[in-house]
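Before anything else, here is the set of structures, which you'll find just below.
Note that subunit A is present in both complexes that follow, paired respectively with subunit B and with subunit C.
== the complex of A and B ==
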């Protein structure tokens, strides 16, 4: 279904001829997304999701508003993305237009004294971080990496990450929002809507911000957030990250009296859990994450050697695994996580280091000595502070998803779930790149701690149909195992990819018994009466009308 | 009326439906300037099922309900009916502390639980709750959290809704709904079967098996319902329990007082500490407010006010867990260095007050009578949000307005509370008055109205718009008002919940 010339012209008049296209090859470039081969009911195992009818690149909130109003006038559905990493960036169904917000890439303001920045959708975390650090501030970087949109992570998708323990959940860091509603009105939440600046998220009275995102955002299907103010935190380091080295061993030498990377490790999972509680209670750490186990507990030591040594290559892996010192390190690192301590003053860092020592003493843990090597310190600090190595997720096999995830209190680490996840991955070894325990995730999934958890990474070869099939199977089996335990589904990424591209009526029937999705239907019917938002704002079918 | 009374008796029993004139008179007014209106009845539910039945009944009979959690006295007009024939839903009897979990630092409480009830129980478990400044002993903990009362420790204000986490609400349409990770039957999946709302105690027992608790407040789904009931003055739903994030009870704490002749210097210093989170409690008082917090009666307050510095930054630092003493020691050393550079002094006492006295006052609910009543017997607050950098402008503006109204400058109380990690601050002006002096009451009422309007024009953000502030706040944001009304129409289609408040 191509757009009619009348509709195309109407849209072209808004953004100009240079910022709209219905050229098939360009449209297919948007449909080509990670995980496509796994959502077989849409792609039949191919690499492309549904093709959009046109792609537009608006340059301002006014452009967006005009487009959304035109969509309402012509009953045309739209889907929007910012940096667009993953299947939720592709058009969820045929017959929709895509809004690519890459032209809206301005940092509008950094309020140094009141510690916030105002950004447009295509401002990526690394871009904001570079500017914020110049004035001694820093911003949350999502687990999806430094190249992803600050705004989308906060308002439109999930957005958690390694630094949440100190920086707070991104949605708690949102201040005022400018939102083009699905009807094409501009809603400004909090203090902004009263013309008083960006400093406050809530009110007046009940916060309308509550409908813009919940546990998950609208993922491109629920109006368009065109600007947000986001809270920043202090950065006691240099105005520019002193990056040196060669790929993939980029490093940053930071003042040793204020920056310290540690790898606390434990002999059993109960000690691991107890240590996390002690970290929450003693409030140390700027970043806390189980990061490098994403390569698998059997390979993480060897991989770390490769990425911190510019003379090494991936093909050295097998040789390294034969080395006794690597085998010893592998054993030591089995139950470890990464803790980045940043002292606001040298005394602060000294205190944090003493607290960590005490926690390790109490729990029988140790700090992996490998991380004390200067090169490794510099690599780990840069990795964790900027999260600029997300390509590594694809290094092993070219594709990854997750399975058997858990998000709960720290006690979950000692519940047997890690071992069960490992067993599940082993079952599929050979078809997927199993490397043992691949449970990567935040030690503190909320500001100050609270919940923690992991994604069990599944590395598969997207160009091998059997490997792709195995990836989907392991995700599904993780879901089933979790369901038996009364837990949420284990395969978040594939589950969301499928839900995004599902037949909307079938999905609505499936969600019809979930109260939240019935409320979302009512909210959608109220604020998107023409149903022009894409299907990514989910709803349950109204069974009373059946 | 008799019919309605009988129907309510069927729900909660005769002893919990009250219509004696004295009680109705009590609920018809509060200590604010809100016009009184007598309710039809007062009903006291004992549990969530009662609440749900009452709301369903209200929908059938089109009866306005006014939820009330805290005990008397009330000061903001939100519990005074705005509609004729209203029934007060007094939740103070629902006062169970349902759960306390030290390991995960979370508590679940019903709406009638007060700060004076909860804090000692939490202390036994090694915890405490971030508290607003000196709430009255009868103040509902849930009331405070739901109404986004600012807490005294800005670094624990991860959002303005802290320490509120998950909750159960009976919406205006009578539907019961749970939020955050406690949505549904404890299984937070998007595909679960219709949620069976099993009792919360059973739910929490079940959740232990999956190492879950009640801390994840977001959702369920793609909207944050807890935000839609915050600062709602009971207009969106009646909350029947909520989980709250608690703090570790400090092992060591020290309070410092930083005096100054003007607020600007202290704000610069406070901004520095906020940025690096080298603080726990952080509050800025003028002499009038600090004297009122510490004094036991008008004479003592007057005397203290004469002794105290014009402005005092109150700064608490704590060691809570491991190496508690070491933490306090390094913080004290660093903060002293910063103070020296900022040209301020970190004192353990100033003329008229010691840090320990201030800590004793502010770390506990107010003793009786409520502290703001001790000076003259009555008071009116004006509070709003702004940024810390702009707070001094409003102090100047309010002083000018008070002077123009011939209100005694020395009586004007100022309390500045940084919040949300320092990105905003709550500014609170207190106008004490003698409620028995009609002329004084009238002058304060006039000043309150004029100053509220003028401060709004100058940028005061009434994020919690009580009484006359509602029109000022909502008239500035027409789209938010429109969306708020649409949401109200969804959740409370017959407008039975506290009609006439906010923009509803």
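== the complex of A and C ==
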């Protein structure tokens, strides 16, 4: 179904002829998405989701407003994205248009004194961080990495990450918002709504933060957030990251008296859990994450050796795994996480290091000495502070998903769920990468700690139909395990996306465990009476036409 | 290698968009964070490396057609500068984005799909052995009065391959003439092929015309063999890339290839070249793509991809990795730093993640507006560095910058490294 000439012309008049296209290969470049082969294998869609009818690139909130009004007038559904990484960025069904927000890419303001920034949708975390650091500030970076939208991570989707323990969750850091509602009104929330500037989410002025953000955000189907103010935190380091090293093993040579990467490790999960509680209580740490286990507890030591040495390649993996020192390191790292300590002063860092030593003493833990090697120390600091290597998730096989995941208090690490996840992955070993425990996630999942969690990574080969099928099966089986525990489907909504493409009944069954998604859907139905905001996996009613 | 052989690669693209940016580790500002001129100018996803990979799969799966209106623009409106390749490979050890884009071009040309503006260029190339729209007979005019040995009649172990831009762009003739002067002073026995010098073929290869490239590569190798050449010296980064990387990929190649900056550094280190005059100037160095990240030497390899630990992808045996690490970056900087009075400041995007000049892969000729915009972006970056002059080691970059500076009425000066070397001697 192509757009009628009347509708096309109306849209073209808004954005101009250079900012709208129906060119087939271009539309396919938007339909192609990571994970598509898992979601659409129920419809044989391969790497491509449904092709949008057109892609538009608005340049301003006024453009967006005009497009949304035109969509309401013509009963045309739209789906919107910023940096566009993931299945939630593709058109979820036929007959829709896509809004690509990459022209809206400005940092409007960095308020140094009041510690916030105002950004448009296509500002990525690395850009904001680079500018914020110049004035002694820093911003949260989503676990998806430095190349993802600051605005989208805060307002429109999940967006937690390794630094949340110090920086707070992005949804808790949103200040005022400029939002084009599904009916085409421009709503300014919080203090902005009263003309008082961007500084406060809760007024004076309307506070619609819960509606706009909700549990997961609108994921492209819920009006269009065109600007946000986001809270920043202190950065005591240099104005520019001092990068050294040979591509791809870049490093940050930060002052040793203010920056320290540690790998606390433990001999059992109870000690691991206890240490996390103590970290919360003592309020140390700038970033706390179980990061490198993403490669699997059996491969992480070897992979770390590869990525920190620019002369190494993946073909060194098997040789490394045979080395006694790597085997020893693998054993040592089995239950470890990464803790980045940043001292506002050298004395502050000294204090944090002493506290960590005490915690390790009390819990029988140790700091893995491998991270003390200067090259590794500098690599890990860069990795965690900028999250510039996050696409290493794809290095091993070309594809990854998360599946059986958990968000809970630190006791969860000692609850047996890690072993359940590992067992699930081992069952499929050979069809997916055989790497062991891949439970990667935040040690502090909210500001100040209190919540932790993980995503069980699955590495699969998107080019291998059986491997892709296995990944989908792991996802489904992970959701079933979670359903038994009364928990909603997670895993980047993959299970829901798969169910949506399978049939409505399967989707409804998945959603029956998800009151928050159902509640968001009700709000959406109220505020989007014409249903022009695209259907989405957790609230939409669209099923692929295929 | 053909596009069909890269189906696995294009299926494994994660569409992460790293290819649109410089390596995130190196982002120093909002303004200069982007790495890909093509998508910055053309905006739609299909103008990024990732988008082109997706479009390739769309073509391979016959979801779209080589003959679709607009596809030519998507495929060819790109300098193949390779910043995307570097940024991608920081994480993807098995990926070759530029190779996919090259093969896509070859396939398009095979299907008769190319920008219409190519016609006069390719016709002229076939007739006059250059795409500068100049007469072949004028190729050696730059060398008039220099008394350089003619290797069509004599022999020498070193050939100075001048290249099309230096040969026909009169405003740049000072550079090859300086090269001749330097080589003479250093006592090097060298010659040129004069009016019989051929285009290196590198640019036409990047444009998608592989057949033309092979023809020129064979002609050049024959000419060098006949003249007893062992070492090829060039001042052009396009030519350097062609000789260092493309020729050995396609055919037996047993010549040493040296960029003139490498030769000068060698002369300095051997004490054969001494700078005696100050050149008081704050300059910034622009890394040509084809001398830097795309200038890595070809290393022969034959092997296959296999999987270990279930599905971990590895090359067996170890495959050479072209990720920009082995480009020529420090040599030109060393030469510049050794010139008394020169203060070298860096642009934010440098070395393997430098922003392109906008001239490569035929974009200057095919899409002049896009080319000029790209150069203009670099000029802005050079100005932001505080430099009075932008210096490079490639005539194509220099010509594009000179034109952009003139168009924008800027005061920034544009030099080749050889200009400063000449001043300092």
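Here is the rule we go by: the second predicted complex is superposed on the first by the 494 of 546 C-alpha atoms of A that agree within 3 Å, B and C clash if a C-alpha of one lies under 4 Å from a C-alpha of the other, contacts with A are read in each partner's own complex, and residues count from 1 in each chain.
Operating definition for what follows: a contact is a pair of C-beta atoms (placed from the backbone, for glycine too) under 8 Å apart; a residue touches a chain by one contact, two chains touch by 3 or more.
Quick caveat: nothing in here was measured; it's all calculated off a predicted structure.
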Is A:508 contacted by the first partner subunit B, the second partner subunit C, both or neither?
-> neither
Touched partner set for A:461, first subunit B, second subunit C, both or neither | second
Subunit B versus subunit C as contact partner of A:532, first or second or both or neither = neither
Looking at the overlay, what does A:254 touch: subunit B (first), subunit C (second), both, or neither?
-> neither
Does the superposition put A:30 against subunit B (first), subunit C (second), both, or neither?
-> second
Does subunit B (first) or subunit C (second) touch A:21, or do both, or does neither?
-> second
Should A:52 be classified as contacting the first partner (subunit B), the second (subunit C), both, or neither?
-> neither
Once the two structures are fitted together, what part of subunit A is touched by subunit B and by subunit C alike?
-> none
Partner subunit B, residues of subunit A touching it in the complex | 111, 113-116, 168-169, 171-172, 175, 181, 185-191, 193-197, 199-219, 222, 231, 233-234, 236, 277-278, 280-283, 344-345, 347-348, 350-351, 354-355, 358-359, 407-409, 411-412, 415, 446-448, 450-451, 483, 485-489, 499, 510-511, 513-517, 519-520, 522-523, 526-527, 537-538
Going by the contact rule at the top, pick out the subunit B residues touching subunit A in the complex.
-> 103-105, 148, 156, 158-161, 175, 177, 181, 183-184, 186-195, 206, 209-213, 215-216, 218-233, 235-236, 245, 248, 271, 274-278, 320-323, 326-327, 330, 333-334, 385-389, 420-424, 459, 461-465, 470, 473-474, 476-477, 479-480, 483-484, 486-487, 489-490, 502-503
Per the touch rule above, subunit A residues touching subunit C in the complex are 18-19, 21, 23-26, 28-34, 37, 46-48, 55, 57, 83-85, 100, 102-103, 107, 123-124, 126-131, 145-147, 240-241, 243, 246-248, 250, 252, 299, 310, 313-318, 382, 386-399, 429-435, 459-464, 467
Which residues, counting only subunit C, touch subunit A once they are in their complex?
-> 7-8, 11-18, 21, 23-30, 33, 43-46, 50-52, 54-55, 57-59, 61, 63-65, 68-71, 74, 86, 89-94, 307-319, 321, 323-325, 352
